[in-house]
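A, B, C and D are the chain letters, set down in written order, and residue numbers restart from 1 in every chain.
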Amino acid sequence: MNFASDNVSGAHPKLIEAIAAANAGPAMPYGNDPLTDAVTQRLRQVFEAPRAAVALVGVGTAANALALATLCPPWGAIYAHRIAHIEVDECNAPEFFTGGAKLTQIDGAHALLDADALAATLGAAGAGVVHNAQPGALSLTQATERGGTYTPEAVAGLARIARNHGVAVHMDGTRLANALAATGASPAEMTHRAGVDVLCLGATKCGALGAEAVILFDPEAHPGRAWELALRRKRAGHLFSKMRFVSAQMMAWLADGLWLELGATANARATALRKGLEAAGVEILTPAGVNLFFARLTAVQHRALQAAGAHYYTGPADTEGAVEARFVCSFATTEDEVNAAIAALS
Amino acid sequence: MNFASDNVSGAHPKLIEAIAAANAGPAMPYGNDPLTDAVTQRLRQVFEAPRAAVALVGVGTAANALALATLCPPWGAIYAHRIAHIEVDECNAPEFFTGGAKLTQIDGAHALLDADALAATLGAAGAGVVHNAQPGALSLTQATERGGTYTPEAVAGLARIARNHGVAVHMDGTRLANALAATGASPAEMTHRAGVDVLCLGATKCGALGAEAVILFDPEAHPGRAWELALRRKRAGHLFSKMRFVSAQMMAWLADGLWLELGATANARATALRKGLEAAGVEILTPAGVNLFFARLTAVQHRALQAAGAHYYTGPADTEGAVEARFVCSFATTEDEVNAAIAALS
Amino acid sequence: MNFASDNVSGAHPKLIEAIAAANAGPAMPYGNDPLTDAVTQRLRQVFEAPRAAVALVGVGTAANALALATLCPPWGAIYAHRIAHIEVDECNAPEFFTGGAKLTQIDGAHALLDADALAATLGAAGAGVVHNAQPGALSLTQATERGGTYTPEAVAGLARIARNHGVAVHMDGTRLANALAATGASPAEMTHRAGVDVLCLGATKCGALGAEAVILFDPEAHPGRAWELALRRKRAGHLFSKMRFVSAQMMAWLADGLWLELGATANARATALRKGLEAAGVEILTPAGVNLFFARLTAVQHRALQAAGAHYYTGPADTEGAVEARFVCSFATTEDEVNAAIAALS
Amino acid sequence: MNFASDNVSGAHPKLIEAIAAANAGPAMPYGNDPLTDAVTQRLRQVFEAPRAAVALVGVGTAANALALATLCPPWGAIYAHRIAHIEVDECNAPEFFTGGAKLTQIDGAHALLDADALAATLGAAGAGVVHNAQPGALSLTQATERGGTYTPEAVAGLARIARNHGVAVHMDGTRLANALAATGASPAEMTHRAGVDVLCLGATKCGALGAEAVILFDPEAHPGRAWELALRRKRAGHLFSKMRFVSAQMMAWLADGLWLELGATANARATALRKGLEAAGVEILTPAGVNLFFARLTAVQHRALQAAGAHYYTGPADTEGAVEARFVCSFATTEDEVNAAIAALS
């Protein structure tokens, strides 16, 4: 009963098998191998982006920071939600990779960026004024850190505002599989067709050992940036010599829609847990759909869940012992775990 | 017959098995798992360094750059051989991670640092002069990029010079297993007992999928640096959420001396290849012992090897078509491959 | 009638004279001259800080960024008001000089940091958690960008909170002369005795051509930081070869209390302007005391002032044409200018 | 008798006068003043570069580092002489401003870059190879740190090699006035007509208090770089609020050919000193022409000069007490000083 994060789960067996299969014979290093080529081809098909440039890395923070550094100069501002992972949980990685860009916080319910707030901030940003950080990049997380999801129309609306201010769009897709499974949108609809320039597609939280793809959908619209991305990856120490073992994960994850299947499973487990807790009297704080949600637990509920062995992160307790708790399910969460947690409150 | 690099080989089967075994059940992320703890304990034993701090990453460039940034401030100079990997092959990663330190080149045969050259450079370095880069760190590669190995005494001699100038010592141990197997020195003798402050221990080139350990041997001698190393790793995007899969590799690699066995195998293959080529009339340019060497191939020899399907890197051809070639064997190189290459010249 | 900024004024004649006087004969470069030594001695006396280390630069942004980089590591957070100059008007200079630290916004009326808000933010900052930016430095502006001033007690209160979280304190004293003149506090009381570690003392806005001092009050409490500050200044291109011309300004400015006299004059002009505008029906928005204030001008008032030739910065007009306007007086603002502006509204 | 450096001299009186004259009345800050506009116009005329973008700063290191950062990305290599000021005497400023570019040393007599050495290094640079620093910028110093001067043809030859490898050209013109006076070439011939993209024109060493111009000759050939240069200057803390005082220096320096006159005077003094020393038996080591030269002084000569009160920098003494000494004259060096030094050896 570990609901602490989707990264407490291991990897899907098919990815382990793929790694073992990739271990046959020599292969050219640093991504000059057939499997890595195949990943690029596969991602171009999946995202209907025939020219996309792809850079694989092993950690989501690296993917985000590399993508942002490619879009935003050192004197730029990156617009993100005030609780976005890149703002809160990456120990200044975006600032490091960009060479000192500034993260500017935008607000919005459920960690979804509010379009009006974004427009207001960009409108007052001081573009062209040498004293001010220059508008650099918009970063949105899909699904958000609070379990929110954008529709393709919502993404397009934010991207349009960004575009009007000359700002490129980054999507932190560490849970994109969950968001696509939840919304039914196609990969292309949710990303470049809605105006996303660069996607960080995260497989790690959804069944991989450690595999993330930075996808620059249209290198021709960003001259020189694909090569820059490759160089930035190398000098940040993220170009694996035995890249085939990352590529093997990504290929297996994308094969036969496994990624969306795993996302859907995680979503279903969270939905069941959510419903069960709600039925048991727990106040749910965030939207339904993807594989995580926040709830307010009374002191009694919290004790009961902990006594049953459930793991989850909480904020500080209020004066009556109530806490805000985050529950995350993964592809590996079982129905038994969900039921056991619900049973603890009955 | 791929002698291009030791990273063209895959992983040793025991490491693949270890990854599969590590995939059982949930584990806390970001290295807060038992396997990662076990790696630290194991490395402390292997290196007889009971207080050592350890940070695992997946790529050697990351290990080196993180280690150097922890030792050398932005206004510092890093002393390294003019063909050291950190100088030539990391796309300015040390400069990036340090925030703009300078690499200062030292010369020496076979990419081994010459002690007199180091002393002379440090003596003229301008320590205490605000206009000059300040002496920051010494970096030596064991074994070197030209197949040289330092004895523990040689390491100690260089470290003593460094210490006299207030300079910390980094060892790039991407091929330390080969060097230890070749010299018979113990891990402790070759590193901290000889004055090395931080070791980057590379498993990737010697049987891992992607696993490198940054080892700060004595955190008490470098107050605050262990925590700094942890923070630097995080903000560089090198803190794997599912760290157990890196740790599993490292544990299997260290178990029962496998790492030294694999290093010895690679060395033995290179030694056999070297002897065979030499017997066939090839001029060998670099010292014996570890798993790589350089040779001068006549145009005829080069054509014969290529016709036989041998892969290796060469420099530019001279006017008569002769080339300098690098041959690297790995733990996975077979005696058949070695013999086939030799046979091509008979 | 230029109330746009205190930097639209030139320099006080005594500083021009001092520059001319400093031009006699050769002097050793890079601050190794007697005038620069004298500045350090003088600042130690003025601030009753006999061990203080001093670094002169020519621009306030450089002073702030150097000071902050000396206090806060790349993985740190700098706590500052959301409209602080370092956050809004330095084009990411602190992020650049620190190597990627994060500015974290604190709120408070009149750009004065609210102590409770600071305590709450620091309490939730994630000290010791590798994913979060680590508490690095507190920055407060005296006087603030909205004309607020801290009492020594208020500074001490904020510094105490900072100290409890291991955070050093930086004061942006670009208008410290104005604040001291307004409050009557001594230089020592307002700074290191109240817990300030590093002061950026700005002469430029108050009569200099371009002269700012970074003062580290107690180098022994910050081992190595004085030398680090010197190196950072050099590598940022802020070590003037003919430093004597900056030092000459600073000496003349500090001589016989000229600096406080100029600050008092600027304050007096602003106070008179403020009273006059208020009497003429203008709504004043910010506290009295120093040399700048904000006011809400109706469309009619705004037109009248502009027609009379007054210069000042405004925010965007509201639907009825009213604007928020900033009025700044300097040591060089005349009573006639003040009276002319007031007369325009009569 | 101070021959230590041209920066031990003060400023030419006309520049002091210009500063005093610029102190009349208010002026818009941050370079939005008529004098600063006039500097740009004047430099465009002087250099026959009607579109040139100009950024004034106060320190030569800042000028160089800003220029190089505008030309060379973080993953780039800057090719410079192994004793170039940017390599030896700027405490890693270029590395800092570029975000971690690498300085690659080129050799050549008298600190003049050898064209063949440059071509060979660029030919082996690994352009397009992700592991290697990418060719970024060529930096040449005119006149060099050893008193060498390039002819316009020599500059053009180096620039052509650079251009063939896609590398932009930076000229460190801290002593350009001396070089132009010595060679008789026009400003345009020596710079952009010979292929220089960005010039750092130094007035400080030749009569200014502190004034340097970064000149991007053809912004249209470098889209976006002029604005980038402006932003980089701001965020590095080099945008003076009272810019008029820097501009006033530059205007006076350029007026009526004063700059070339001062350069010629300094050259003439050095030439006289050189001839006199040579006639007295001193071995001269470097070319004639500009305002500095190196000489080998016997122990006897060295003692005699020092006894007479001459100041100059020396390297370490050899076993017989002989030293290599640098002599620098400035616009302010007098014939009496020169004669006194010569007399000391008679």
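As a working rule, contacts are C-beta pairs under 8 Å (C-beta built on N, C-alpha and C of every residue); 3 or more make two chains touch, one makes a residue touch a chain.
Predicted, not measured: the structure shown is a model, and the values here were computed from it.
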{"item": "Maximum centroid distance from subunit D, chain identifier (CA atoms)", "value": "A"}
{"item": "Higher-contact pair (C-beta pairs counted), B-C versus C-D", "value": "C-D"}
{"item": "Separation of mean Cα positions, subunit C and subunit B [Å, integer]", "value": "50"}
{"item": "Where subunit A and subunit C are represented by their mean Cα positions, the distance between them in whole Å", "value": "41"}
{"item": "Mean-CA-position distance for subunit D and subunit C (Å)", "value": "34"}
{"item": "Of all residues in subunit D, the ones touching two or more other chains", "value": "74-75, 90-92, 96, 99-100, 130-131, 134, 231, 234-235, 239"}
{"item": "Contact footprint of subunit A on subunit C as seen in their complex", "value": "74-76, 88-92, 95-96, 98-103, 105, 130-134"}
{"item": "Subunit D residues within the subunit C interface of the complex", "value": "2, 4-5, 7-11, 13, 16, 19-20, 22-29, 57-66, 90-93, 96-97, 204-205, 209-210, 231, 234-242, 244-246, 332"}
{"item": "List of subunit D residues in touch with subunit A within their complex", "value": "30, 73-75, 99-100, 130-131, 134, 228, 230-232, 234-235, 239"}
